[in-house]
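What follows is a set of structures for review.
Two complexes come next, and they have one chain in common, chain A, joined by chain B in the first and chain C in the second.
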Partner chain A sequence: MPIDLRGPLGLTLALLPVVLLTAWSLVVMLVVAWRHGSEADSRLAGWLSVAGILGAAGATLWLWLAGAESAGQPHMVYLDEYRFVSELLILFIAGATCLLSLRFLGKQRLLAPEYYVLVLFATIGMQLMVASADFILLFIGLEVMSISVYVLAGFDRFRRSSAEAALKYFLVGAFASAFLLYGIALVYGATGQTHFILIGQQLAGSDRSLLARMGLALLLVGFAFKTAAVPFHMWAPDVYDGAPTPVTGFMATGVKTAAFVALVRVLADAFPTFASLWQPIIAVLAVASMVVGNVVALAQGSLKRMLAYSSIAHAGYLLVGVWTATDMGRAAVLLYLIAYSITSLAAFGIITAVERVGSRTVMLEDVEGFFRVRPWGALSMGVCLLSLLGFPGTFGFIGKWYLMTAAIDRNQLLLAVVMGLGSLVSLGYYLPVVMAMTMKPERTPDAHRQVLFSRAAKAIIAVAVLVNLLFGVWPRKVVDLALSASQHMSAQTARRPAGDR
Partner chain B sequence: MPPDLLGPTLALSGILFSIGVLGALLRRNAIILFMCVELMLNAVNLAFVAFARYYGFGGHVLVFFVMTVAAAEAAVGLAIMLALFRHNQTLDLQDINLLHG
Partner chain C sequence: MRAFLDSIGYAHWILSVLLLLPLAGVVLVLLAPKEWARWLTLVVAIAEFVLALGLWITFDPDNGGMQFTATLTWLPELGISYRIGLDGLSLFMVLLATAMMPLLVWGSWFAIDQKVRGYYALLLALKTGMIGVFVSLDLFLFYCFWELLLIPMYFLIGTWGSSNRLYAATKFVVYTFAGSILMLVAVITMVTIVARGTGETSFAYDHLVRHSDLLAPYAPWLFSAFALAFAVKVPIFPFHTWLPDAHVEAPTAGSVDLAVILLKMGTYGFLRFAIPFFPAFALSRGVAAVFVALAVIGIVYAALVSMVQPDLKKLIAYSSVSHLGFVMLGIWGGTVASVQGAIIVMIAHGISTGALFFLVGMLYERRHTRLLADYGGLARVAPKLATAFVITAFASIGLPGLNGFIGEFLVLLGSFGRFPVAVGIATSVVVFSAAYLLVAVQRVFFNPITKPENLELHDATPRELAVLVPLIAAMLWMGLYPQPILRRTEAAARRYVETVRPYLPAATTAASTEAR
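Now for the complex of A and B:
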């Protein structure tokens, strides 16, 4: 189904999932303005948000199955499988975050249903980021997402650590946005374009001007901050630790997915001719992230901090896929984003359930003896940690396997080896959690009395664990999906004619 | 046709951006830090306006978006600072331990 992106009607159709969710989030905001007193009202807002997200996912699926593609001129948004798959992943993350928060907000006395409205706004920003084919739209999506997440990080404002996390995230995020913007400005100055593909065509025809090179460097700094790659990661552990746990899960998965998809797009479409310039930078970032993330995670006692450092290491793994600049590599990035997001969400969901009222975080000692009291919960956590580790038979292994294969295909053994060693080191911090859960007795007899899994959270965690195991042993379908998505993406890029907008 | 001011304008924009970066890295007060970030954003705006003279409206459009976003950011940022001030009675980042990794 070709869609003409020049007219307002075509653009609305191409952005239908975003438009629907925006309209619905305004409705939810109105509902919340009237009903915001009790826990029931908060839960109503949560279920309304889930309904809106399902609607947006339906619209995305419809566009995908109808074979939507742009007719003629390139314009603001992409219409290809890569976008649809990543958009569905983001909607899944948002829906799961809402479901995991349902009981949490009541438990922690955070009775402000605006929480769900902010999650919806952040989701809209992420959708725009993965759909954008133009720096203007990318910037707006990024800011809509970031500003909502700043507030979410500080949502538990009566707790000092949450407010600190929000301030830290806000200052670092605004600082990073300014770098990204200056990069956009310089690239615009070098080419006169803000559209990725048109920039790529302009840059292919000319020699590498200083402006474009500086612009690319500044863009990479901005993206490195947003994806929490070493050495731009200092904010991540404190922010992940201080934010309310479901929000941490949302940041670690949704923000990362959106930023990585945007990064892949920018490098593939706007700077394909600059590969010899950005590949070394990405490789350094990847190695540094894998080493620092994995090593520092060993020393963490708090589970949230440990997962924060492990998410830095996972950003490093993903950067290996970005480095390859091949269809295979881009497919591996998408595949790993799916595996990592689903697994991390479930892990943070379980930590959410374990967390005590008013407590700052969950320490390793707090999960001792968890298996005896909650066997299914402990088992799910074990599967998630093994998948993050990349244990054979889980989805995480498949993701890592394809990332490594993509790197080896480009004759880059070093990155693949560092990745393998990093995974080996990560045994040292994932296994102690499993051992604490299964082999040690509870600290106190009523240690796990406050553990609270809502039915919705149970369902989400069960789905995540089953998907993990299913794709771990039978990955054909999802691998084919990622491969065809990334081939579709590069085919669309190649097909597009030159021309002014 | 007025004289070509692209070079000087870009230089000014680069200097402003550098002042912003240095300030953000060296100063310890959250409000001052935020002002430095705003300075960086305005340096970006200056660069966009300078380039837009050559390339047409795209740059001007972006300037308006940047200004709008900066305003939204200020609203949220000041609210966050207020929330933290209630806990700490200070916005000095030395006490808040901002760069502790």
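Now for the complex of A and C:
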């Protein structure tokens, strides 16, 4: 189904999921302005948000199945499988975050239903980021997402750590946005374009001007901040630890997905001819993230902080896929994002349930003896940790294996070996959690009694764990999907004729 | 019998059934009431063993290739399939694993009284992993089983082990994972290199071995990655420290499984993968010297350490290191006799060390101590246990007429041509192994009774005899009439030797032919 993206109608159609969700989030906002007193109101807003997300997912699916593609000329938004898959992933993350928050907000007395509106806004921003083929749109998406997430991080306004997280995230995020914007400006100065593909065409013909190189460097810094890659990761542990737990899960998965997809796009479409310049930078970022993330995670007592550092390490693994600049590598990034997001969401969902009312965070000791009291919860957590570790039989292993294959395919043994050693180190902090849950006795006789999962949380965690195991054992469909998405993406780019806007 | 088995298509489904049956058992055990757990496990174990007996009957001893093969596509675009099969080498590993299973259940019958369902479920899951490792003919599948084994073993040691179990469980997992993670990188690299040379991406074992010449330029690195993974598992001398901890802390069934099967995975890996993939490098003079030296150091060192162990279980654990040294020596010996000897030592060590761990477990259940000093004079109060222990100890030492002798003899005979010095040292160490085991036997069973607690020990119960008698029968049978086993392993050993012979250093080829 070709869509003419020159007219407003065509653009609206191409952005239908975003448009729908935006309209719906305004409706939710109105409802919330009306009813915001009790826990029931909060739940209502949550369910309304889930409904809107489902609608947007339906629109995305429709575009995908209808074979939507652009009618030929350069355009502001992508219409390819890579976008549809990542957009669906983001919508899944958002929906799961809403469902996991339902009980949490009541438990922690955070009865402000605006929470869900902010989640919707952030989701809209992420959707724009993965769909944008133009720096202007990318930046708008990034800002919409970031500002909403800043507020979400500080949502627990009774806790100092939450406020600290928000402020830190805001300051560093603003810094990162400035870098990104400056990079965009320099690239524009060098090429006179903001569209990825047109930039790519401009840069292909010319020799590498200093302006374009500086622009690329600043863009990379901006993206490294957003993806929490070492050495631009300093904010992540405090922010992840301080933010309300479901928001931490949302940040670790959604923000990361949006930022990585945008990074892949920018590097593949705008800077393919600069690969020799950005590949070494990406490689250094990847190695540093894998080493620092994994090693520092060893020293953490708080589970949220541990997962924060491990998410830095996972950003390092993903950067290995970005480094390859091949179809396979981009497919591996997508595959790993799916695996990582599903796994992390479930893990954060379980931590959400374990977290005590008013406590600052969840420590390793807090899960001792968890298996005896809540066997299914502990089992699910165990599967998630094994998947993050990259153990065979789980989706995480498939993702990691595919990343390694993509790197080795480009003769990059070093990154693959560092990745392997990183996994080995990560055993040192995932295993103690498993051990605490299954082999140590409870601290107090009634520990974990108050750990209750809402029905919605149970459903999401169960789905995530089962999908994890299913794709761990039978990954064929999802591997094919990632590969065809990334092939579709490069085919669309290659097909595009040069033209004026 | 053979005609009947053929008529039901036995060869096509048997290995898959052996893999799936324990998994079905896991589900059953977890769902059924707690009291049924051990009975259900016993039924599954016996069914598994009876089914596996057909392998022994229908196995074609003249065929050195893979038998009972089955293939199912899994990830065809990436060259990954469910490919299984076995030859004379893996046949006995599978038979050992299945035959040991009912004994393990009997052995744990009363010893395990808490979290019963979890225990038996893990025992069954472990069995699937073990059989999977030995029948996988696809490297991706092999790696999956290899790693999956860790989980049940980790929980068995960590949950049902003795006092220092958490440390031992962690050490076990970390060592094994550390060894094998680089093997994953090596596997992917190998497949990528072969795919570039042949245009076919495939994790199939046959495909990779056939094109192993493409790997030769990268052999030093790839072989090292494989060798590290397997060396940790064997364990070869500097990587062995996890073994005594894991053995001592594990519950009896865990120790037995470790000794009987898990340790063999390392030597199996060398025979099946590491050497056939990179024969020129692995058998080159320098590398062979390193491995043979480490094997001999392992034999001597472990024997010496065993002599001073106050803890009976640790003593046996170290004796395993010593025995596995013989296997390594035989593998690098490179003659049919030495390789066959290595396989036989693997089988014999499984039976006799497994029995020793069972016996230590029985003593521990009675006295709740493993220290040699706490025993003494048990032969008077528990003659049956004492008899069993003495026979098993003799078997482990390698007394002619029992199972330990043939394998070690063949290894020494077959390797003498290439490594006369190493064989000389290893032979003399047999004396040490006699020393430490016989001293232990004497201190436990024959010295005067000094501890009053030991006066009231009861002798072996019928249940315990049901564990011990089959093992002792197997020792005698293997020692007196090893022909059926030799016949079934010969073709596989010959095939292996033919694969590697062109790569043996020229000067010694003549000598090794003489030794045959």
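We take it that the second predicted complex is superposed on the first by the 501 of 501 C-alpha atoms of A that agree within 3 Å, B and C clash if a C-alpha of one lies under 4 Å from a C-alpha of the other, contacts with A are read in each partner's own complex, and residues count from 1 in each chain.
The rule is short, and it goes like this: a residue touches a chain if its C-beta (ideal position, glycine included) is under 8 Å from a C-beta of that chain, and two chains touch if they have at least 3 such contacts.
Just so we're clear, the structure is a prediction, and the values are computed from it rather than from any experiment.
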First, second, both or neither for A:Val151, with chain B first and chain C second: first
Chain B versus chain C, judged by how many residues of chain A each one touches: B
Touching partner for A:Trp401 - first (chain B), second (chain C), both, neither: second
Which of chain B and chain C A:Val479 touches, first, second, both or neither: second
First (chain B), second (chain C), both or neither touched by A:Asp409: second
Touching partner for A:Gly428 - first (chain B), second (chain C), both, neither: second
First (chain B), second (chain C), both or neither touched by A:Ile140: first
Touching partner for A:Gly393 - first (chain B), second (chain C), both, neither: second
Contacts of A:Tyr188 with chain B and chain C, given as first, second, both or neither: first
Contact residues of chain A, present in both the chain B and the chain C interface: none
Of all residues in chain A, those that touch chain B in their complex: 135-136, 139-140, 143, 147, 150-151, 154, 157, 160, 163-164, 166-168, 170-171, 174-175, 177-179, 181-182, 184-186, 188-189, 192-194, 233-234, 237-238, 296
Partner chain C, residues of chain A touching it in the complex: 386, 391-393, 401, 404-405, 408-409, 413, 416-417, 420-421, 423-424, 427-428, 431, 435, 438-440, 474-476, 479-480, 483
Residue ranges of chain C in contact with chain A within the complex: 74-78, 143-144, 147-148, 151, 155, 158-159, 165-166, 169-170, 173-174, 177-178, 181-182, 184-185, 188-189, 192
Of all residues in chain B, those that touch chain A in their complex: 10, 17, 20, 24, 30, 33-34, 37, 40-41, 43-44, 47-48, 50-51, 54-56, 58-59, 61-62, 65-66, 69, 72-73, 76-77, 79-81, 83-84, 86-88, 96-101
